[in-house]
């Protein structure tokens, strides 16, 4: 069989290096060029004075001081986290059984259901928001249905332009972002684990709680992450269906760059919110560690 | 049959019912889109006013809208493709490459999810101008790669970590270099994750418009078009017609694919 | 058996692809019994356990526990615990959490739980790994955790799928003693799959030999060893020389046979064959003795090869017209001189039990 | 590279607006679209470089301050003189030397559109949008030059130049209004639907919405408040780094043609800046569109939404109030 | 050994958590040798194989192949194939694809590939499962696929981690023969981990006994069995009575010992102990014989229990002051009458090899 020689050692090292290099290339370009540039820009801007220049002139800590000193920003951030948290919880909780069904029960129907689950999202987001407006509106589907069943006498204004509308619309919009990661995680679970739990006397719900859920936790957290973070920064949905009381921090940041023409302050606000979310994520990550990333 | 089952239990039937309900929830608002695309009124509101094909007619005549759709599909597929490629390679290097560069890249790649779209848009606009390229569909693709990347990295990393280490080792042991282990073992084993990553990255791009706004040159994407048309109520029904066409087209394509697959399958079974 | 704890009544299992896993199994297991399933790889041992535990719905037949039909009962409603062939440890729990899981389900108070976990770990000799992650354990360590996890619940019935296969002989023997202690102490009923025949023979009350999804023989170890019912069982349990022997007449209520020169005498039972008729007779390697000199009952043989087996030497030798026989002989002074090619004389021990086998 | 780069509101790229230009330069223009001129400004500030853009009057100062514009020579604008004097003489577009920063092209009014059946005989005043009776059933436009401007007028301060104390007064007024509103929005599609369904009884809108809803038979009225409607105007600016200046002039000229203005009035219901366009539109069409035959007269009674000196501070304050601060 | 194929030079492996997997291992493996690793669960056998295969970078020491340092070499560059303890089959490939993978990598033409796969499957007796999905295989079937997958590549060196543990005795023996054939036919070098001592003793050229990450003894099977170097090895290999015996004097170049009445005579070697001094002496169970009547060399014993081991009976008996001894005796006429409580007389066979063990 193959005789080992020093040249083999070298070529092996070289080809391995070549492969690693190739594998690092696309990601390296995107991260080091594009992402770091954007990141550097926002951090840099955060410390600049708003002035005639594109990127401000002079350095200051004033932007961050303003962010920290005005309780409004914290209030709005917390409100955003609350709404995003609600959205995430709703999305993940309602999506989990679907992912579970896909992973363990769908059988030959798996592809079909996956398709059915993603199909609605091929229509544009803004269209779907409008569709929700039709559902939630004063003369909308929901009000009509409630009136038809006699639950209410006159249409309610309590559906549209409320935080609840934001939660429902976003929970709908992010459904595949929760379903797919959880499905992907569950799909790797050996069936023998649920068998072992049942064998030890665990009823299905206990098996779910103590074995299946912890096993799929990386997927759940991944799903939660890709729902939670973007919803915090969302400003379109609150603007379209949320009414004044669901303004989120994304709108505030957005407005600094457009309407208020104060990029440095917008950047400082963005950096502050990013740090807040990062802190939250790190907390969640430590939870993930507890459940153990299996390798 | 989870939890081991003598019979395909009660539980699974309830679960099936739930899934049906959930799918109904997903389709509840979406099904209104085709409905109102045939409604003879600018207002998308009940009661329905009567049947019309006018909106489809103006859709047929609206080249800008069709171009926007084509652009969106192009951008979506390219951005999702690149984001998935990057997600796969970055996660691979993070999980299997075990060097600090790889780990750093993987950490950075998950950051854009934190950066507001407006900043990504502005930053990339400055960057493409610096590079002398200027805004274009290509720039939008770059922007949407950033938007989709965190999702793909998060999903792929989780999946790669779930593959038992010994499976990859067995392949190496048999003489497969890393590239081959990756192609023949890790990638096939992660196919559901790859497909999911692609799908989510595509959906992200297909709906995104703030980054797209900053990076658009003279060609726009569908969400840009729709967003800017919000001031013109008259265009909503046309957009609904377009949405309906997209739905129909995807159903037809998927149906055809399913049909072909089933044919292939039954042919295979006969053999 | 008047009142079996568990009864399989013509249980059949056909898998989705058409593979027959079990083909109409009938089996009664008594309360407190230690039953072992033996059989070649793929014969349906694991499938049998899975049907008993409730993971696999039989495609035919019923499973009765205490006379009640439990076929539709879910695994968690059966007083049965399993040690899985592939362990099936929970990867997100550490060693003690894995073992504690069943106790937690039974609402045992934490203090008792800890005590029981410690005792179980001690029993399998893994006290030092109490909070190790299961992914960091060696194969044998994993297997021991799986064993501890099933045992700690003290179920009425324990199903063990090759529970000691990854353990060294000493640990294995120790574990066998522990299992036996559970059986007598708690009256636990055991159904075990093992490939170690010594283990099966020494530990079991009864042994079930399976073949191709069917049961070949159910009997006590000694019966199985001495009086295998079929050729398959004879060749499967221990090593057995299956010799074609011609009937050479009756004498003193013993049937005399001649197998290529080897003389066999077997207590007469049933109808004797016709003179010169052929029968297959099983002779254990340890029942063939070696003599340096020719005697009235010996036949010459030529050593083909010798393998060191520890306490014995295994000798392959050729007698008569190229009939190969296997001989196990203790390593004593005279045998150490043997080597391939040596001419020896062999005979069958007088009191050996040599079964006449159905074709 | 030979093509004019024109950055404009979505929907303002139609070929009918610049027929003569296209006749002379077939395929000579390339459009980029925006839906909001604040975003447009941001994009240009970040380095997007069109030749001609189409912001509104109140933003011109901001563009200028950032040094993005070059003056337009009115001598090269053929129909300059047919532009209504009100627009030609807007103070903040003057660049001196017969040059201007912006050539006004389209204009319209902003006011309260209300349901006559649901709001009985209101006082003709912007105060309707502060009326607690209609809490939760009103909406207003989410733009600095609309809602805060009205608030300033109602608070009795000069919207275009405010002291910090004035700003605080405006803020107070805006805070008072927030709980009464169903939405701050620029999404007229939704506002019109809500007015039609009765979910909203009054909302700040543009005049085109009034026309659209009346056409559908919804009982609405576009109020003429005693404080005056708001009038906005938008127009063409020439970017400092424009590479196709000659094309730009040709383009602006073609947009000032009578036909173009007429098409703007008839298709969108907004006013054209040229008198020739108005003359070309039949009287009853103008009536239908609630446009006067001689805008110069009407425009004397309205408030022009020009550049506000404290625009950025106001915007920041408005954002905070919307968010509940 | 002049020129070992593979040499481990003070190889150390410390895992992330601080667990010492290997503690300075030195090991030479000759070309074409059949080496077996034996040792208790968790002693580092798998880790040793993983270091040789290249999956685990040693935290100290070097691995030499043909005298060249291959420590940094990746697994795919080592002419070594492994049968994994947990099989590690590719779940997305069927049986034949799994086996074909290594051949495909070696760019063997498809026709040859098919032939070799068929031969390998035939060898492990799984021809009927050629296109089965690996998830539908029984435990033993999976193990055989893993074996076939490694063997089909005909590597210079095969690492086998308990490759036959899930197979029944017969299949196992068959596979042992096949492995031996590979060794002599292709000159493949084998390093195998097994817990079956009979297997280790019969198949190996040399055996390495490991303990707690260290090597206790490397020797041929017979040497290991007869002259264990340490107490640990003595107690680990086979069953050994470790008796505390007092020195009773020299006679005819034999040292006489007395262990609670049991007389032992051992060829004198080295310095004799002082009279009455104590030594630990190992005596195999099969070297203790039973006599119905008392004789000059016998000592009385009382049967404590009897276990059926198939070809032998294992008797636990008590001699002298509560010293328990283990006796293996063939099942012959006289022994079948024995039962717990019976008084017997025992003695050590004259020619038994009884090692005197270091403390």
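By letter and in written order, the chains are A, B, C, D and E; residue numbering begins at 1 in each of them.
One rule holds for everything that comes next: contacts are C-beta pairs under 8 Å (C-beta built on N, C-alpha and C of every residue); 3 or more make two chains touch, one makes a residue touch a chain.
Source: prediction; values computed, not measured.
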item: Separation of chain D from chain C in steps, with touching chains one step apart; value: 2
item: Selected interface, A-D versus A-B, where C-beta contact pairs are more numerous; value: A-B
item: CA centroid of chain B to CA centroid of chain D, Å; value: 37
item: Whole-Å gap between the CA centroids of chain B and chain E; value: 56
item: Multi-chain contact residues (two or more partners), chain B; value: 3-4, 44-45, 118, 122, 126, 177-178, 227, 230, 236
item: Junction residues of chain A - those touching two or more other chains; value: 16, 130, 133, 137, 139, 195, 197-199, 202, 204, 207, 257-258, 294-295
item: Per-residue overlap in chain D, given as positions that touch at least 2 other chains; value: 39, 42, 46-47, 187, 189-190, 193, 197
item: Residues of chain C defined as touching chain A within the complex; value: 53-55, 74-76, 80-82, 84, 86, 88-93, 101-102, 105-106, 133, 135, 149-150, 153
item: Contacting residues of chain A [partner chain D, same complex]; value: 52, 54, 70, 72, 75-76, 79, 130, 133, 137-139, 155, 157, 160-161, 239-240, 243-245, 247, 251-252, 255-262, 265
item: Residue numbers on chain B that touch chain D, as the complex places them; value: 41-45, 64, 118, 121-122, 125-126, 129, 134-135, 213-214, 216-218, 220, 224-225, 227-236
item: Sites on chain A touched by chain B in the complex; value: 15-16, 19-20, 23-28, 30-39, 41-42, 94-95, 97-98, 100-101, 104-105, 111-113, 115-128, 130-135, 137, 139-141, 144, 172-173, 175-177, 180-181, 183-185, 187-188, 191, 194-195, 197-199, 202, 204, 207, 212, 218-219, 222, 225-226, 229-230, 233, 250, 253-254, 257-258, 263, 266-267, 270, 274, 277-278, 293-295
item: Residues of chain C defined as touching chain E within the complex; value: 15, 17, 19, 38-42, 45-46, 85-86, 132, 136-141, 143-144, 161-162, 165-172, 195-198, 201-202, 221-222, 225, 235-238, 284-286, 307-312, 314, 328, 330, 332-333, 349, 351
